[in-house]
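Encoded as structure tokens, the structure appears first; notes follow it.
As written, the chains take the letters A, B, C and D, and residue 1 is the first residue of each chain.
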Amino acid sequence: MKTFTALAALCLATAAPALAQLQPEELKKESLAETMQPHWVWLNDISFDRMLDGRAYLVDADSGQMLGMISSGYGHGILMLAEDGKSFAVPSTFLARGTRGERTDVVTFYKTSDLTPGAEPVIPAKRYNGMPFQSVSPVMPGGRFGLVYNFTPEQSVTVIDMQAQKMVGEYATSGCSLIYPTGPSKFFLICGDGALQSATLDAEGKVTLGKTSKKLFADDDPVTEKGVWTGSQWLFFTYSGKVHVIDHSKDVPAIAKSWSLTTPAEKDWRPGALQAAAYHRGTGRLYVLMHQGGPDTHKDPGTEIWVYDVARQTRIERIALETPALSVAVSQDDKPLLYTTMMGETDLKVRDALTGKLIRKIDGFGPTMTIIQPAPVPAK
Amino acid sequence: MTRLDRIMERMSRSTARGISRRSFFGRATAFGFAAAMPLLPVSRANAAQQPGETGDPQSCDYWRYCAIDGFLCSCCGGSTSSCPPGTEPSPITWVGTCRNPADGKDYVISYNDCCGKSGCGRCMCNRNEGDKPIHQPSGSNDINWCLGTQVGMIYNCSTAVVLGAAD
Amino acid sequence: MKTFTALAALCLATAAPALAQLQPEELKKESLAETMQPHWVWLNDISFDRMLDGRAYLVDADSGQMLGMISSGYGHGILMLAEDGKSFAVPSTFLARGTRGERTDVVTFYKTSDLTPGAEPVIPAKRYNGMPFQSVSPVMPGGRFGLVYNFTPEQSVTVIDMQAQKMVGEYATSGCSLIYPTGPSKFFLICGDGALQSATLDAEGKVTLGKTSKKLFADDDPVTEKGVWTGSQWLFFTYSGKVHVIDHSKDVPAIAKSWSLTTPAEKDWRPGALQAAAYHRGTGRLYVLMHQGGPDTHKDPGTEIWVYDVARQTRIERIALETPALSVAVSQDDKPLLYTTMMGETDLKVRDALTGKLIRKIDGFGPTMTIIQPAPVPAK
Amino acid sequence: MTRLDRIMERMSRSTARGISRRSFFGRATAFGFAAAMPLLPVSRANAAQQPGETGDPQSCDYWRYCAIDGFLCSCCGGSTSSCPPGTEPSPITWVGTCRNPADGKDYVISYNDCCGKSGCGRCMCNRNEGDKPIHQPSGSNDINWCLGTQVGMIYNCSTAVVLGAAD
């Protein structure tokens, strides 16, 4: 902003700055900090009724300002955020004639500082298309590899080398779904019959499937696909509100322990929504969107956020929401912010995650926002 | 084991364990498609109802929509069992079981997407009776089922086709 | 609908049709009548805040039903409707990566009966992009040729052979704008300095520019680009509400006569909006969106529709609108319907064009509808 | 003849009479572009104001917007005189004349579009003071001026750059 600085100096030098004639300006391009700041957050919008025009908005939750956006084609999913917050990649799908013609899937790399498309490897045109979840394209802890879930309806994963910004390859997954990373080169998938399928990456990113667990989840109270990573464990939630903590330390995934989000007296309350829960690593708090309702309400928006101490498996707090929310996320710094959005509405609500107090609403986005992605944190 | 369970199990086994796309389509195509005769569109949505049904197929609370997620084809130039002009039915899809209030019976409903034009935008409807997570694909309404069509993967609207009685 | 017919017969044959178990159905594809019916109407939606996903909706204004739609890429303009109502073509723009990469412009041909893309000649990637007007891509009377206006900011026209479904070529226009057809092989353009530029097509569609008129329009009260064709003459409207009737019968376009939409007592009323006026050929009535406002309100929506007898240059009626409208059109049959839409709203309002009475609202479109295109009428 | 009239006449002559695109860009580029320094974005929109201005650049009634049509870059990660990160300024555009209420003077404002990402969607603003029909392109806000950029033609938002006093 050299021009502005020069002008300010000029005006300070004159006696009546308010009367100085405005000076001709030069049109500039903005840049951003090199690293995503702790209270910056990406809002993904699938643009459901104009799905060719998916996008994500970058917002500074402290200033309440929009910082920029990316455009990302048909059925926008989520961003693959590098752990250091300096770059990210976006899996995207394009057809030659918009809604028709040859399909091309790519992963487009961006620097945070300029939001300008860089390397763009073509990947198999098999990317999952539908409502996005965090497990459709996660970055592995450590940040070397990123994985993209494919569904055609055959299922597979495409491995991306995030450093080389190239595709490694596509690997079949025996028909199990989604991607739940548990280490720099280790992940599992979830199978339709209630089992978990382990898998590893070698040094080059080639996937080898490991053992499949026995059936871990009940058919009459299935776990949702909306697992939450605490930094060391995966938590899965059932339709009725059970929490299954996964032990991924051995060859075969198992349930380490199970507990319930609700007491018997609270059994009409259930978890729900699209991005149903968020975990704050520093405090060990779990934030869950809860609503009152019976069976088949597992996608209903939350009317309250219930806050849990995960280590003690106890509820700390209930945060009443002014209006229902379909997505919740929390920043990972030590003054954490709690974010919520609602499908059909256009604002991001920002709260103090420790008190639950509403700080501000930032409006003008959406109206079909899906997954909220706060600034990433490096793996321990 | 109900008929739905059998269908779900069969579909689930095939999608969940990676049978070839061709054979999956081969089976799913048994649902069948036929060319409709040109027809004046007045009350097309209602004309698609069978005797023994009541309710408004353009309303989200219509009985067949108990597990639907999307724009109702009945509002978009199609009906509960037909795709709007110029769109192609998805050969594979998710299924649900809905109770017909007129006869009190449960029916298996196939929610085939119509594909090849962008989202219609009218009569958005999301109901989740019996809806499964996406790792049980044949019961999940979160997936864009247009992925299997010849015209590509672009979602226009959703139908609700009666496959048969559920028991 | 064979299945339905068969079922109906079956049920009529049984004593208790209401209790008959529902029969398995076959999923079908709908078709439409071969010809666009008099009360069918296309609603163009530029999808302003998701502009990659432009579209047009086909609506039956009698039944209030949507019949189908087309998807048409970035910055959707208008349809090129064949006079016989059996087919149409859509100029469209696509980029290889949605918002980035190589630009391809095409004209896609459709039959009314199936709304399925057919021939799709590639045209110069120069198509005008911005708010659409009826003169950005008209079909010439008689229907042999269609013209597409280009702006890069150099200006030219691309000629399409509507019968052969091929591009003829691109022709420079000396920097004058838009396309106002006056016969099967004759049109004029409007120039920035207030002149009109005549042009002709030869038998193959090649354009030859003719003479340029003298300055016809005042700088301090310019004509808008929203001229209206009566079937035999072009009417142009100035910001303040003058009507200039163009004489195109000679080599050089001229003003045949001028009159005013308002009396001196009504001078705070002005024409405005995007699709500002419509003409019904059978009755000679002109429908103009009018509002109260001073200078610089030439794009304000109309709060009333004023109806004129063009031959007598007199006002017949004032139709008060419940809510303002930005577009107006009229069907050309002898029970004409009057259509209005408003940017930011999602409904089409349908009126009796002879009485002004509101017949129905058809909701769920938009919310950035631009030009309304009723069923075409063959040239006299 | 005011300075605006001269600018308009010059631009109008060039666009209206088909000079080469290269020479048009050659002239328009004199408006100039420079790379901005990285900057924390807090109140970026306000920071772009010059001394001698008042009002809210995120509000449609801000004085510079008297002939704008589009999403305000001030709400989209840019400002009245800067494009959001990753978007490219249009080298050619339309101009208007707006009165600065703080000094009562008229200024020529250039409404350059920022391009290469899809429409921002925030702070839609349409004002038409002095707006001309599209056959007078240099005064028309109905045209997507992104057509001249290297990144293509996709419209993200609009700026309102002070070119100078109008007289």
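Everything below uses one rule, namely that a contact is a pair of C-beta atoms (placed from the backbone, for glycine too) under 8 Å apart; a residue touches a chain by one contact, two chains touch by 3 or more.
Chain-to-protein mapping (UniProt): A, C = Methylamine dehydrogenase heavy chain; B, D = Methylamine dehydrogenase (amicyanin).
Worth saying up front: this structure is predicted, and the values here are computed from it rather than measured.
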Of B-C and A-B, whichever chain pair has more C-beta contact pairs: B-C
Far-end chain from chain A, centres as C-alpha averages: C
Distance from chain D to chain A - Cα centre to Cα centre, in angstrom: 35
Geometric centre distance via CA averages, chain D-chain C, whole Å: 30
Two or more partner chains touched - positions in chain D: 117-118, 120-121, 154
Residues within chain C bordering two or more other chains: 50-53, 71, 74, 98-100, 117
Contact pairs between chains, per stated definition: A-B, A-C, A-D, B-C, C-D
Interfacial residue positions of chain B with respect to chain A in the complex: 12, 15-21, 24, 71, 92, 116-121, 124, 126-137, 142-144, 146-148, 151-155
Partner chain A, residues of chain C touching it in the complex: 47, 50-53, 71-74, 92, 94, 96-100, 104, 106, 108, 117, 120
For the chain C and chain B complex, residues of the former touching the latter: 1-4, 7-8, 11, 17-34, 53, 55, 58, 60, 62-63, 65-71, 110, 113-117, 364-365
Contact set on chain B toward chain C in their complex: 31-45, 47-48, 50-53, 75-79, 81-89, 100, 102-103, 105, 107, 110, 112, 117-123, 154, 156, 159, 161-165
Residues of chain A touching chain B in the complex: 48-52, 74-75, 93, 95, 98-101, 103, 128-131, 133, 151-155, 172-178, 190-193, 222-225, 296-299
